[in-house]
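Have a look at this one before I ask anything.
So that you can tell them apart, the chains are marked A, B, C, D, E and F in the order they are listed, and the count of residues begins at 1 in each.
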Amino acid sequence: MKLCVQRLMLGMGALLMLPTAASAQGFAKQISAGDVSWMLVATALVFLMTPGLAFFYAGMVRGKNVLSVSMQSFVAAGIVSVLWGLIGYSLAFGPDHFGVIGDFSWAGLRGVSMYTPNTDYAPTIPHMLFMMFQMTFAIITPALISGAVVERMKFSSYCIFITLWSLFVYAPIAHMIWAKGGLLGLTGPVKALDFAGGCAVEIASGVSALVMALLIGRRRSNHPEELRPHNLPMTLIGTAILWFGWFGFNGGSALSAGPLALAALVATHFAGAAAALGWMAIEWFLYRKPSALGFASGAVAGMVAITPAAGFVRPGPALLIGLVAAAISFYMIKVKARMGYDDSLDVFAVHGCAGIWGMIATGLFATRAVNAAGRDGLFNGDPMQLVRQLTAIGVAICVAGAGTFLVAKLTSLITGGLRASADDEESGLDITEHGETGYPGEASGIPAFAAFD
Amino acid sequence: MIRIEAIIRPSRLDEVRMALEELGHSGITVTEIKGAGRQKGYTQHYRGAEYSVNLLPKIMLVVVVKDSEWEQIAEVIENSARTGDIGDGKIFVSQVLEAVRIRTSERGDSAVS
Amino acid sequence: MKLCVQRLMLGMGALLMLPTAASAQGFAKQISAGDVSWMLVATALVFLMTPGLAFFYAGMVRGKNVLSVSMQSFVAAGIVSVLWGLIGYSLAFGPDHFGVIGDFSWAGLRGVSMYTPNTDYAPTIPHMLFMMFQMTFAIITPALISGAVVERMKFSSYCIFITLWSLFVYAPIAHMIWAKGGLLGLTGPVKALDFAGGCAVEIASGVSALVMALLIGRRRSNHPEELRPHNLPMTLIGTAILWFGWFGFNGGSALSAGPLALAALVATHFAGAAAALGWMAIEWFLYRKPSALGFASGAVAGMVAITPAAGFVRPGPALLIGLVAAAISFYMIKVKARMGYDDSLDVFAVHGCAGIWGMIATGLFATRAVNAAGRDGLFNGDPMQLVRQLTAIGVAICVAGAGTFLVAKLTSLITGGLRASADDEESGLDITEHGETGYPGEASGIPAFAAFD
Amino acid sequence: MKLCVQRLMLGMGALLMLPTAASAQGFAKQISAGDVSWMLVATALVFLMTPGLAFFYAGMVRGKNVLSVSMQSFVAAGIVSVLWGLIGYSLAFGPDHFGVIGDFSWAGLRGVSMYTPNTDYAPTIPHMLFMMFQMTFAIITPALISGAVVERMKFSSYCIFITLWSLFVYAPIAHMIWAKGGLLGLTGPVKALDFAGGCAVEIASGVSALVMALLIGRRRSNHPEELRPHNLPMTLIGTAILWFGWFGFNGGSALSAGPLALAALVATHFAGAAAALGWMAIEWFLYRKPSALGFASGAVAGMVAITPAAGFVRPGPALLIGLVAAAISFYMIKVKARMGYDDSLDVFAVHGCAGIWGMIATGLFATRAVNAAGRDGLFNGDPMQLVRQLTAIGVAICVAGAGTFLVAKLTSLITGGLRASADDEESGLDITEHGETGYPGEASGIPAFAAFD
Amino acid sequence: MIRIEAIIRPSRLDEVRMALEELGHSGITVTEIKGAGRQKGYTQHYRGAEYSVNLLPKIMLVVVVKDSEWEQIAEVIENSARTGDIGDGKIFVSQVLEAVRIRTSERGDSAVS
Amino acid sequence: MIRIEAIIRPSRLDEVRMALEELGHSGITVTEIKGAGRQKGYTQHYRGAEYSVNLLPKIMLVVVVKDSEWEQIAEVIENSARTGDIGDGKIFVSQVLEAVRIRTSERGDSAVS
């Protein structure tokens, strides 16, 4: 509507010889206050997901690592933010080279306008706002990987790892699927659909997590019971924040405040709700005890799966996508247990596998009735879309797998190994890596309370 | 004096305390502990992984009493802590050489009454 | 303003023979990006209230039930979401029958447009967004009831109960007060005012909670001290989220981003603040100790009371409504103590009674100066409005009371009793119903930390 | 753009003799739904920061004071809200007297319109919304001071102190820097720049905190270890909320949803991220252990420093401002340790000093390229701006210092001393001042759990 | 050897530890417990409901010492833990048959020094 | 009967329990405690302020056994708890006058087996 007003004004302005005062408030003509408002909020929402992830993860580990696990998420908000501004954004979304990567044209945000849109990406919001929104995705993605290496990866290694990973794994995958001219995306040859990060966020982090879990090895523990979550209410707080933030994640990926944002938000919520119920139902059936952690895990798996599909499918299929995602992730955790690798917080099962399923499901259920700029999936008449999706999945898995392997090896060279010493691991990384403890009163013998003595 | 150390169910703490107070004995020290024994533990599932827990929450009471009173007090604890199900706990009785009330430096029986 | 632009455009478009490009971006003509932006956010905010309620409630129970109580809220976000999409929304807001209930016309969201508004409800946002916003209300309402049955209701019974309750109690009450043609609302004969849920949310949940507390009986406990809140900081986190979310709850009920949303938001905040201070003052007077729990309870009671009034009253009366709500709720908790029923977390006192007071207060203080589409209350010249409000209150109480009774009995038949066994209650529902514990390190004897040994 | 549409319409309306239906939806002509939407959200975001501060602070104290410290923030949301509506807003932003203070013209929000803007402050949102947004600033500022007096100030004294402080310190400083005609601001003689609260919020609270720390004296403790944070995950939850809310704090200070809000949001995020990394780096260098608390403290210090500058500087300088802020705050905490005063949670170091630095930095880096309504700083050609900033800093420090001293003395007279008794301090203020404990199961000897016995 | 079990106020823990260290004794075991006795509890209100709490937080120290040292050590604990107000706590002294330092398998007096 | 009180590293708890179970002894009582001794503490920094922590987390086991068994059981605990580093902990052994199984009122040896 904005657009039409603009055009109208332009036309009539010419007609009636009125000066167009369009930039009076610093707005370029195409910018919509309504869209800017929504995208500012969506940016804040997605940003909040990273601390949300911190709590989601930290509640699931032992108390002696609660801060170190939190820090693996928080520090991504520090490192990746700065990196993104310096070169990350330019590499991911800058002028295309071979459909694979951007370049340094926009390094230091050169030419990323605060006032005018980049019409390749988002015609009704300033380019800088698109950059900022994308930054929040770039932050949370490496943080997701941390779930596979909690309680044992050195903090120094982790910092270097996510720096390299952002540049060598995230940037190319994001470029290929989302950037103008990217190999896999709608403007490239493959034309796969990925609304909000099935490839760049979920598959990339999930596959990388698996590689890292294999490279870094299992956690030490003196007894299996020790590895239980130390604080599930904290995990629930994280779940609440993630669910809340996901409205911005998927809804914001419409890049405007209109029906597409709404469609994505509705699909996200239905998928999350259905998957939460689904996981709970599986547990109820298997153990007679539907758990809160299961509900939370299901909700996350469902929203992961709907992420690539959110702006392309109707509510009904969204529900189904969620349900199936819960089953797949649950089953993959069982597979993990059998295989014996320690993807500690199940990043591969919950993000990698549900992400793959989501990409496939997009190829099944996508419809141009929801998003005219999208494509139809198998069930709406275009079987080729499934092939396109599978291609994108395959490329993403390869890049993430190989890239992570190389980046991890490089990191290991730089920091002399990825893993904290056995002693440090036993003492807990909070003390040994960060010099602090989460709940000092409890963990140190000094009575934190001296009430009424 | 005699030190009575009773390991009981958390849910019986109040009954025991009330029973002791009826006897006129209120001095008591309580610790949250975990115990294992014949009582069965339970199983939890976190993301499909099974964890069996067999250290169960119990309460440890320490009561130090005069030599003359211990049998009565132990019996009162015993009776008020009993549910009849496995896991009711134990009472261990031992000798105390000396007792001191820090505030007043009283020693012996008068320190614990 | 949007509207005017539209009309202007239409008029001028005709005049100047310019094609109106209104749907270029997928927008139908009436949709406002600003309003959509606000309503997307408001939806997310209200959604967040349900986890907020989980923490608010869970902090007030014993540690051994922290997850089970959380789950009573979270699971509502699963069950009611799916139910609402399938038939709930259609029953509540679909084509009217006898002023009492909708039908299945919109089942499965058939005909609920992603692009065009339903002008009966919200002319500037897509119908689907109105559905989604209302969903968040339908989720939190049954979750509110859980406060009366915490620590003893079987989870299976709870799931079935809220399913039935949503259909047989929430849907008709929401329909009667809010749907086009509903008996009690502005488009029906009674013409009671209920801005954001005095009847459908607060009275419905509060009265149902009382019924449930009476049906299910008191919690067992070995000593009264045991029943104290186990984690008040958690309750404060919940309070913060509820307060934050309530801006969306009441502000969003304006269904647009304009003065009405603002009026509702201002009234909500003043009522909450005044009630928090009021409750604190009462405690200060009675016990010399104003408590954090009291402050939190007051804030909630105040915002409950302003809920039906928010878009109809000025800030001054809002303040007063909050203050009185605190006094009423506080007093009703005292009454509860004397009566001996175990409405464990005081849903009837804080939601039921404050909700009734809020509905009455709307009849006293409402003014068309704030909301031209509303009505004047007693103090603004229309004594009849008070009668209208009382009628609505009466009907809501009856439907909620009788409906809940029947639904509870039915649930009891299906699941063989509403209540967990005495043993399970003693062990805590976290373990017995959900197979997990909130803080395993603490509750199981396995040292969660092995730091520096 | 809105504005232009309006003007266009007005012009054309006259031209074409079409009635302007501008107020059809209750909107006055100038109001933009997009801007209103953003400002409603920004208001909610800033409001949320006060509970966020509660958790940030409460995690850093001993468990026996967790509620009392939380309450020092929460109660500000009660007291200051009501006060602001009654007279605070009028004193701060009402018609100017001597450039120093408003008056009672708008007491009780008389004349603060729900429909029309106050064009002196925000031309595209209703005046009432501007009032409400500003209220959230007035709430959090006194709450910030509480960090200096935690664990020992009587709650009664605290309540009276923040009431008086809001009127006698906050109102004049806010007036001088922000109100139409205020001495220090752009419409007064000094013309200092303060985008979102370098003076009124950060310097005012920081300097007042120092004064209070000196007046009230050190905390008692039996052993130094006792004073460690009792619950750092809680502090991280607070950090997350503060960061999230700061997008509204600085972004909302643009008072519209456009490039300026975006510029402020981007600057805020970069400053926060850089400062978090900076603090971490310092710790890494000094102790080999970068801590989570350090990361959190850095993020806050960085966002404090960018607050006055956010809408005037580019992303690059924002990054630098953040980095320097971390170094300054870290160093000032070291100075505190040497000086021996007990500014318990480092409000002076983190808010006062970083705020002063931020005001100076604004004088260095401000550029009209970011904000045409602003001014250029030293590095952009106007060395005088630095003088202007220093003048504002000086005045703010003096007013805050002297004002706080007087207000504290007055409070002390009224409540018979500011400080709780030694016994109460030892027992913890949760019990003695509020009659409750944060984690009763833990602190009282009643087993909170009786699971599986 | 002798086992000294002292129940003290949490706020005196540091004084006691410092006093013991002055004597050259640093080996100590500390437990957070709750105690009831003559000391009055306190009352809390949650939503208007009154809860009276009479199990109060205390610290239990266990120190095992050579036979020859116990009286001196008990006295030092007594003096450093005393405030003179009700609730200062107790010291209970009992006999230990054997002590073992796990690391070295040392037994007897040398295990506890 | 004999009361064995063992202070061990938290990380050795499982080894100790498994070793005891091999002997056929499962009855055990566990408390989370803090200990100081020769083992060095560690240093933390919070906002630049240094805090040295020297009460370290330990586990206290209490096992009451028949007179005839105590030496074997103490040795098993000793061996399974040993790491050889400073801080392995202690075992204190003392006499119990009477033991009661609350559930059955059994006394003496049969109460603890």
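In this section, a contact is a pair of C-beta atoms (placed from the backbone, for glycine too) under 8 Å apart; a residue touches a chain by one contact, two chains touch by 3 or more.
From a predicted model like this one, the values you see are computed outputs, not experimental measurements.
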| item | value |
| --- | --- |
| For chain C and chain F, chains touching each | A, B, D, E |
| Comparison of C-D and A-B (more C-beta pairs in contact) | C-D |
| Chain pair repeating C-E, as identified from A-F, D-E or D-F when over half of the contact pairs by residue number coincide | D-F |
| Interface residue overlap between copies chain A and chain D, same or different (over half shared) | different |
| Interchain centroid distance [CA atoms averaged], chain B/chain E, Å | 18 |
| Inter-chain centre distance, chain B versus chain C - centres from mean C-alpha coordinates, in Å | 46 |
| Separation of chain B from chain D, taking each centre as the mean of its C-alpha atoms, in whole Å | 52 |
| Residues of chain B engaged with two or more neighbouring chains | 11, 13, 30-31, 33-36, 42, 44-46, 53, 55-58, 87, 94-95 |
| Numbers and ranges of chain D residues touching at least 2 other chains | 2, 5, 12, 32-35, 37-38, 41, 222-223, 225, 228-229, 231, 237, 283, 287, 289, 291, 293, 426, 431, 435-437, 440, 443-447, 449-453 |
| Interfacial residue positions of chain D with respect to chain A in the complex | 1-5, 7-8, 11-12, 15, 32-35, 37-38, 41, 45, 62-64, 124, 222-223, 225-226, 228-233, 236-237, 239-240, 243-244, 247-248, 251, 256-263, 265-266, 269-270, 273-274, 276-277, 280, 283, 287-293, 295-296, 299, 315-316, 319, 370, 372, 426-428, 430-431, 437, 442-443 |
| Complex interface listing, chain F residues touching chain E | 2, 5-8, 31, 33-38, 55, 58, 60, 74, 77-78, 81-95 |
| Touching residues (chain side chain A, partner chain B) in the complex | 224-225, 227-229, 283, 287, 289, 291, 293-294, 297, 330, 333-334, 337, 346 |
| Interfacial residue positions of chain E with respect to chain C in the complex | 44-49, 51-53 |
| Chain F contact footprint on chain A (complex, rising order) | 222-223, 426, 431, 435-437, 440, 443-446 |
